[in-house]
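Look at the two complexes coming up: subunit A is in both, with subunit B in one and subunit C in the other.
Moving on to the complex of A and B:
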């Protein structure tokens, strides 16, 4: 992948990302089948969820404790569409789910971004909790029951009928979405997000509309999180309030942290590690969540900067004295914006 | 010449404590003005009201004939105002080149767009290369901004402001925190970067008289948030008031 990346045409269009996903799509079924392939399918949906979360948390430096709101919103949107019209194409449902979440997120962010740092994080948490409550209070959201039978969603004319078909479908959708996000990361808008994270005052002083960049990042992050949620709903066949819980919001941040957000591929690695450790642990231990939690804690503490910081660390150790700048830990995405900016309405 | 910036009765308090009071100032297009004064005089605060980081508590700020008192700093930047901060503000995780690219791109009033690839914009990249040559930063092009030494940070921030080709350039203490020799070198460097940009209006603050003598045509002396004196660099430097104010301040403006 890195060799391919050097070719200008490839790196500009992000072809290496698409080629990477195509390769993974073809190789995995040769190595895995049945429930293991299904775990990979789940992991890939989480790869999209983690990358989408990183747009906000890693690239733009905004901490959200409510990513589950959009993940769940995608799943519920798909379920409701399927209930209304079982003949509707699954791809159309994904697009609608993304639009719904994107618009809700943009409206929410316009209001919530008047606060900063911790307050913003709390507001996102409140949003997710409110949606979670609504699933119990609103009749047509079916409470704990949720929705069933989403296996039936039509893809290219018919429902998916095997783990293998689900695998190909999920990799294709995730591959295209991650590719779009990769292009975004290489666009001037992606660069502006990084600028806003690094120093919102400097960004504003150059003429970047800080609030607009943040709202866009929030909307994009939500839209792609919704697609991930809808993919999970399709794979598991069910949608339930569990998708809107804080556990989900927390786990996706953990995925970003263990992978590291300083490189595009970080959250991709983080999501795979998270899903596989959850699956393997639950096969071994009864109270697996505790062990998963401990494992992740150890990774986060032992590897600040996540897995993507590993090569730099190893190189630094070999040279004994790491070069300046390389040794500097990447900034944790959270809470970089100054409170003063809010007062002045810059942010 | 017509004024490009007009301040009328500008004041700014922090939680009821005034930092700047009733400042009236006109800056002509193409003029080079220095604002001096002892620590805490209100120079940086006044800069903030001009560039838009602070909304003034009283008064009016006019830029190019338009009342911009309530405009955000990003709007003012897009209208042609670029600034540096007393403590340089950079994008620490980006390379020197990318810092300059961000500045050059926004300076071109190019919108920030999702579909607009960073690697395009050949002419902007060329401007960035030229800016690095002018500011002697070419060797550091790929260094991360967080790894730069103090002097290079200041130089990069000035290069970022200048590459935007603003109509007015605001420099807050371009040599602050530098030793004597570094400050001399930085002043020479700055003069070179401003070569052939006679039409660019410049307002700078400084304690360093050397910077003032080599860059400014007019000097405004501030104390306790107010303008107390105005004149040519020589007039102000030799005035009783200036000497009195700077006595006991370690002779910062000898």
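Moving on to the complex of A and C:
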């Protein structure tokens, strides 16, 4: 029995998630400083982005090639709000960014979800491309120039004047958002999303309103992706059309894949691995993106279920290893299927 | 089970964190600070703009070598360049500026594009680093500067476009219609608008615009645009205005070559960097009337000769405008440190405001006290492939246009 199973109140309330983030917030500045702490700050924002993407991709089974649309929407919303009213609280900006992205996503999903599968994925890609183009076409979005000065966004009455303050702020926001997503994953709504993913026809037969669940998942995913984008914008201090490119949408899907979507923590691990592999590789290799791509390819091929499948695979391998005098189990079939069930089904 | 795995994953993450901490580089010991001034060079040394960035970085290296060979800055400080790769990504530039700060670097140059200049300036402001945007050209970055620590020496696109517009009107008054291909970014679209206005002002008539295309900066194929240009019929009285640069120019020329399109135009003009593309074409580069801060063959000053010789000695190549900008940025910092009598970032920033230096072009660069822009004049010239010319490119018909007062 795990510690959490002994403490059902903690488990149900997701208190361990908040405690985990609080611990990370306190420990990291003791271990890292300067650009390394900033990289962790960036990684945390991507943790939220990856977890939000997993709501759609992992929990609900909807593939989106356009998550950058909402990531960028959050960043641009914050920039526009800051330009209009520099005195506005950063927390209010985050909430507005989430609402804007959530509403746009819900409206988009109402129409786009008339399709499914690859068609839906392509429509999400089109949405992101249209928004990217709009940044060049709409004057007040400032084209290539984008926005700057977002270091000045006020949090609790003043701007964040150091990277340490930025770290604590980002950890707090990401911690609360991931906690909310944890609660959602354990709620009836979260279970409905997974039911829709596993078999939408059966889910509908059970009385679940499939379209409503999918639209809600899309909106929730977009809202939290927007918060992540706004956090990145604050961290960098600038917003530019690069935040809406397909590269961003692709990278966040890769983060989900390398972490694995069968467990809540999978995208968290994936985002950290992605950001740190990019950073460390660029310090080692000249054309680092090639090596980052190769590394991620190797991870995805070696661990199709992502990093979260690693313990299960290792345990399965130990179980399959025949003891002396026992015959070996069949090479495939029952054992593999059983492992897959453990990996995919049990949460 | 999932909770066990969650704990395992957390343990893995923490172990990774510890490992990263062990591997991570700490800040440099700055025991030699009194004799060495570290200057960061922030450029996209990898990726699609790597060729241009390498030349820009080499310009800075040559300037540092020449200054060091001459006894250092004000005879007191040897320059140590610290190069970092922003990978053409604003997010990455925010990180590498912190890398520089970790290495006790308080003065830096670089910034390939406007958004990179912005993110580098924003990040460096946090540590009160001085940042000179050597290669960005957008007027929105200066006057007032985006941050108090930011200075820009790339000549602004309106000045470049105005010069090429006037030069085209003077040299090619018979061109009746202009076809236009620009990157789909404000600065390059604006370059055509300004050049057109300047031509119209000089010629006293309205310029007719034929086909007009805006392509993404990342475009690797322009076959649709080339097909559109091909369909315009007789081109002897038509000009082609290219507001593209780097890989875009190479793509355009290579894809247009089989059609014979380029030879048909009365003149081709370009506001983006052409030199690296022209040299890569190994003596076959088409004739293009180009404008930029600098062309190595357009002036015969003592400083330019020394710069060109040193650059050629280091690389075997002639310097381009990006190399010149890297060179001037370092020379500007040298002048500011000398004026301030200190390498302290705040003092250097104060010294940079209103400073004047002589450039290898023979023009004076003046940094506006309030604008933080170093206006140093522009140069127009025709670049054409010539197997007998250095690097296979002849530079003719030069005009050095001093900065407007």
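Keep in mind that, in the parts below, the second predicted complex is superposed on the first by the 315 of 347 C-alpha atoms of A that agree within 3 Å, B and C clash if a C-alpha of one lies under 4 Å from a C-alpha of the other, contacts with A are read in each partner's own complex, and residues count from 1 in each chain.
Convention: a contact is a pair of C-beta atoms (placed from the backbone, for glycine too) under 8 Å apart; a residue touches a chain by one contact, two chains touch by 3 or more.
None of these values were measured; they are calculated from a predicted model.
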Partner chain(s) touched by A:195 [first = subunit B, second = subunit C, both, neither]: first
Touched partner set for A:304, first subunit B, second subunit C, both or neither: neither
Touching partner for A:143 - first (subunit B), second (subunit C), both, neither: second
Which of subunit B and subunit C A:187 touches, first, second, both or neither: first
Partner chain in contact with A:12 - subunit B first, subunit C second, else both or neither: first
Contacts of A:250 with subunit B and subunit C, given as first, second, both or neither: neither
Touch count on subunit A, higher of subunit B and subunit C: C
Footprint overlap on subunit A, where subunit B in one structure and subunit C in the other make contact: 11, 346
Residue numbers on subunit C that touch subunit A, as the complex places them: 1-10, 12-14, 16-18, 20-21, 23-24, 27, 45-47, 85, 87, 89-92, 94-96, 98-99, 101-102, 113-115, 118-119, 121-123, 125-126, 138, 140, 146-147, 184-187, 217
Contacting residues of subunit A [partner subunit C, same complex]: 2-5, 11, 20, 27-28, 31-36, 38-39, 42, 136, 143-146, 148-151, 161-163, 232, 235-238, 240, 242, 263-265, 268-269, 272, 276, 279-280, 282, 286-289, 307-308, 311-312, 342, 346-347
Residues of subunit A touching subunit B in the complex: 11-12, 183-184, 186-192, 194-195, 197-199, 201-210, 213, 216, 262, 323-325, 328, 330-331, 344-346
Subunit B to subunit A touching residues, read off their complex: 51-55, 72-75, 77-78, 82-83, 85, 89-94, 98, 101-103, 105-107, 109-110, 112-119, 121, 143-144, 146-147, 160, 164
